[in-house]
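Consider the two complexes below, in which chain A is the common component and chain B and chain C are the respective partners.
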Partner chain A sequence: MIWSLIYKEWKKTNYYILSILIVGLLFEAYLCLEILRSVRMVGMPHVWDVIINRNAFLFDGIKFFSLSIGVVLGLAQYLPEIKDKRIKLSLHLPLPEHKIIFTMVIYGQIVMILFSFIFMGFILLFTSFYFPCEIVTSVLLTILPWFLSGIVVNNLLAWICIEPTWKRRIFNIILSFIIINLFFISDYPSSYVNILIYIWIIIPLLIPSVLISVYRFKEGKQD
Partner chain B sequence: MKKVKYLIILISIIVLSWVLPKSSQLMRDNALPNNMVYYSSVEHSFVSLYRDSKKNNLVRKNSRSGKIYSNSEFDSILPLLYYRQLVVDRKMPKEICGKKILLGDLQSKSFFYHMSPTKKNTPKIKLYTMFESNSGRVRLKMPLDFFRLTNKIEFINAEDNSVNIPKSEMFQNLFDINDFKFPAVLIATNPNPKKAYDEGSFILDSENHLFHLKMMNSKPFLKKINMPKDLHPVYISILEPLDHSFYAFVYGKYGKVYQLTTDNYRFQEIDCPKYDINKDKLKIMANPFFWTLSVINKDTKISYALLASNKKVIDKDTINFKGEYNHIENYTFPFVLSFESDYSNFLYPSFIINSYINILVNLFFLLIFIVILKIKKREMAIVPIVLILFTGIYGLISILIFEE
Partner chain C sequence: MEYKVVECKHLTHYYGKRCIYKDLNFSVPSGRILGLLGKNGTGKTTTINILNGYLKPKSGECLIFGENVANLSPKIKAKVGLLIEGHVQYSFMNIYEIEKFYSAFYPKWKKSAYYELMDLLKIDPKQKISNMSCGQASQVALGLILAQDPELLILDDFSMGLDPGYRMLFVDYLSEYAHAGNKTVFITSHIIQDMERLIDDCLIMDYGKIVLQMPIKELMNKFHRYRFNINNKEQLYHLSEIVNITTIKDKTEIYSMLSISEIQHLFGNKNIEVKNLMCDNLTLEEAFIGLTGKY
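Our next item is the complex of A and B:
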């Protein structure tokens, strides 16, 4: 039954996943080409100098990328569920409701984690060809909070979309917006190095939040 | 389901304890007054330049006598600061403090230096620049490689991201001969290629020995420096002044500041007000006769006038800033969570519990909650009451939104 649920999620999101992969890799390739162009114009030593001594960050363009794909994937997963209240059908399956919902949420989380590995891996691979490990580490520490935000927003969208009333949904959106802002407090390269562990903890803590929305949906809460 | 509900309420409380105080600060924050304080070699006292917020004009005042100066009078009592204007006005005195002053000396022995906590507390990529210190050219040339100092020294070519093994081995031999104990604890460089000249880097090894490292005619130079025994450097700030009189400012563990001079690496202690490198700003405005050294924090600006020859204090001045303490905000928020700091470019979680008086304010919010419950004819539960009692406005907002 769980595999059927996973297959259902795959059917909803397969074209979106493929599109995100293609667009994402093309976008990252474009960013890398821009960097290589800068290198041809000013020379690699100058690029190293601005990174090391002037705290320039080469991949600013990637800042809201993971957040965007988290939103796209989340909407692809949960908008069909709330259209005509189709989630009722899933909740009538002979499985505990928390297993049904967690299967959907964890599917989204795993897809986002895989996206993060692929897209971060692409950037780090490119960086490791041209820059030493110290700069690669700095790039990783800078982009990691941004990619974690995509994983978190995908989770929060479940909580927001399944909520049956608009009044509570607005509060959910406001709280989610504030939580996501935690990942974008500072643009300074590697500034998150001391709080990354606390940010990791947010992800599992937020997973159960969707149960409240499902409970309220089943209770028939209305505006 | 109750556990999940209270988990969301707790997350909301934590998030509100970050965002509400931050939003409040955004609405009421003001810049600290920007008072310039300088020691006058003519009046032999501190003078200050600041903007009068009520009259919205610049005020030039003697801190001791209270005398107000006009713009041109102010130039005349600060000849070592406004010498360019005085030369143009043909009012530059020929002697100051009984000594003839040459413009060349004035320019080379004057400098402005600013140290802030964020310069020390900032994420840094551990790769460093080594200029050729003796190129014979006027302008410094940006090197094509950078070095790292882990358990050995390695130079990495920027062009192809490869280690320059011969150069690395050449420098490593010198480190071995000088008995440098890896790993390096502190590395100070000045990577600005627009500086007048280069004196390399200063490196502290793991046994608190300081070394001077530079490259001269493509050859390595490494010299061990004798430090005062009680000096444990926490930060070194390299400044290459035009007169070549010193290499750097060395900051010790207990608020001491030293000048590392070029006179056989002699350390000269600088008289300084109480200074915390992690919280206070330090400014030095130097001329050939006097240094005006100021330590600035959110409450005060304490300035010392030091003799340039021996860095001993001869006069002091204190400016107290009006407290930005907002009583209403401090009692509204029982605790504050923050990640950013004015003292660091790192993000750190910081949790500050405000006054015990907040418990009384929390009781007020609890009363509001009870009234709302009565109006809505809902039952009182113990958990929301305890939450609001301890978390005040954060708990009230979270429970009102998510309790149902």
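Our next item is the complex of A and C:
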């Protein structure tokens, strides 16, 4: 039964997942080529100098990338459920409701985690060819909060979309904006190194938030 | 004693300050097809939403197979087939994908019942439900319910958006399925002619209350329209045995559960003089209008 739920999520999102993979890898390839172009133009010593002495970050372009794909994936998952209140079909299935909803949410989370591994892996692999491990580590610590934001926003979109009233939905959007902002407080390389553990904790804590919207939906809350 | 598959007790609901109904009580016995009739705004969709567990009433409760609808167990949910208004289904799937999806949840799934209906559809097998007509989508929705083989079917406005051909297909399949399997059906529709062909019992709602719940054959036998000429129709308004008094030109119409001899006896007792008294048998639609009024 869980596999059927996963099958449904896959049917909703398969084209989006494929498109994100292709577009994402092309985008990252473009960013890497831009860096190599800079290296050819100004020389590797200058690039090293800019990174080490001026704390420049080479992959600024990736900043909102994971957030964007989290939103796209979330909308692909949840907009079909709220159109004509189709989520009633899933909630009526002979399974505990929390199991149904958590399967949907965790599917999105797992896809986002896989995306994060692939896209972060691409960047780190490229970086490891041209830079020492200290810079690779710095890149990882800098982009990790940005990719975590994508995982979190995908979760929050379930909470926002399933909410039945627009008044509360707007409140949810505002609160989500505040939460997501936590992942973008500073662009300084490795600035999140001391608080990453706390950022990680946000992810599992937010998963049950979708149940609030489901509960309100089942009560028949209206604007 | 009849087993009550659906029981609604002391239901009260408001939207804001507007009272939809207060202290509503009704039940659906096992093996019966009950049609819920009512004008727009009388609470039919509210009742269906409460029954489905998607609306919490202000007070009262609804039970399905003895369980509160707000917290149905998976075992009971498997026994209930649901048709959402508009034959809503997951439109990003085609007919094979959606059958594959649902079949995993229901041990009694009858694939043949579904594909028997799908064979009547003239579509590309890979065609998504979103690209089907309203009638075709309704056929998919019906096929899925029949394949599920539930003991209770709750169908919200099953005829919405369907042309006469699809409505007839729906009624024919549903009627045969329900009667052959002794299923319990709770159904609403705005097209009362279809309901008349399908239902065993009717539950007629008007603003705030249930007007009537009885077997449809009994209603058709007992409820009549009477037409006559009368000089002073004010005399009629005090009679509780008649409803919905209207006058068109010089002809007055009333509706009543009394037989023609009982009406004549009543008029005689109250010294009400009428001329050209005629008694009409009614269709369900006419009976509905007679009980709830035209406007």
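To be clear about the criterion, the second predicted complex is superposed on the first by the 223 of 223 C-alpha atoms of A that agree within 3 Å, B and C clash if a C-alpha of one lies under 4 Å from a C-alpha of the other, contacts with A are read in each partner's own complex, and residues count from 1 in each chain.
The criterion applied here is as follows: a contact is a pair of C-beta atoms (placed from the backbone, for glycine too) under 8 Å apart; a residue touches a chain by one contact, two chains touch by 3 or more.
Note that this is a predicted model, so its numbers are computed, not measured.
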Request  = Could you tell me whether chain B and chain C fit or clash when both sit on chain A in the superposition?
outcome  = fit
Ask   = Is A:131 contacted by the first partner chain B, the second partner chain C, both or neither?
value = first
Request  = Check whether chain B or chain C contacts more residues of chain A in the superposed model.
outcome  = B
Query = Counting only touches as set out at the top, which of chain B and chain C does A:12 meet: first, second, both, neither?
reply = second
Message = Just to be sure I read the superposition right, which of the two partners does A:1 touch: chain B = first, chain C = second, or both, or neither?
response = second
Request  = Once the structures are superposed on A, label A:86 by its partner contacts, choosing first (chain B), second (chain C), both or neither.
outcome  = second
Vertex chain A angle, Cα centres of chain C and chain B, expressed to the nearest 10 degrees = 140
Task = Please indicate which partner A:222 is in contact with in the superposed arrangement: first for chain B, second for chain C, both, or neither.
result = second
Query = So, does A:96 touch the first partner chain B, the second partner chain C, both, or neither?
reply = second
Smallest separation of CA atoms, chain C relative to chain B, angstrom = 13
Key: Touching residues (chain side chain B, partner chain A) in the complex   = 1, 4-5, 7-8, 11-12, 15, 18-19, 122-123, 125-127, 129, 142-146, 148, 156, 158-159, 161, 191-192, 339-340, 345-349, 401-402
Remark   = chain A contacts chain B in the complex at 44-49, 51-53, 129-132, 134-135, 138, 141, 168, 171, 175, 178-179, 181-182, 185-186, 188-195, 198, 205-206, 208-209, 211-212, 215
Parts of chain C lying in touch with chain A, wherever the complex brings them together = 15, 49, 52-56, 70, 74-75, 77-78, 80, 82, 84, 86, 88-93, 97, 100-102, 104-106
Message = Under the definition above, what is the set of chain A residues touching chain C in their complex?
response = 1, 3-4, 7-8, 11-12, 80, 84-86, 88-89, 91-96, 217-220, 222
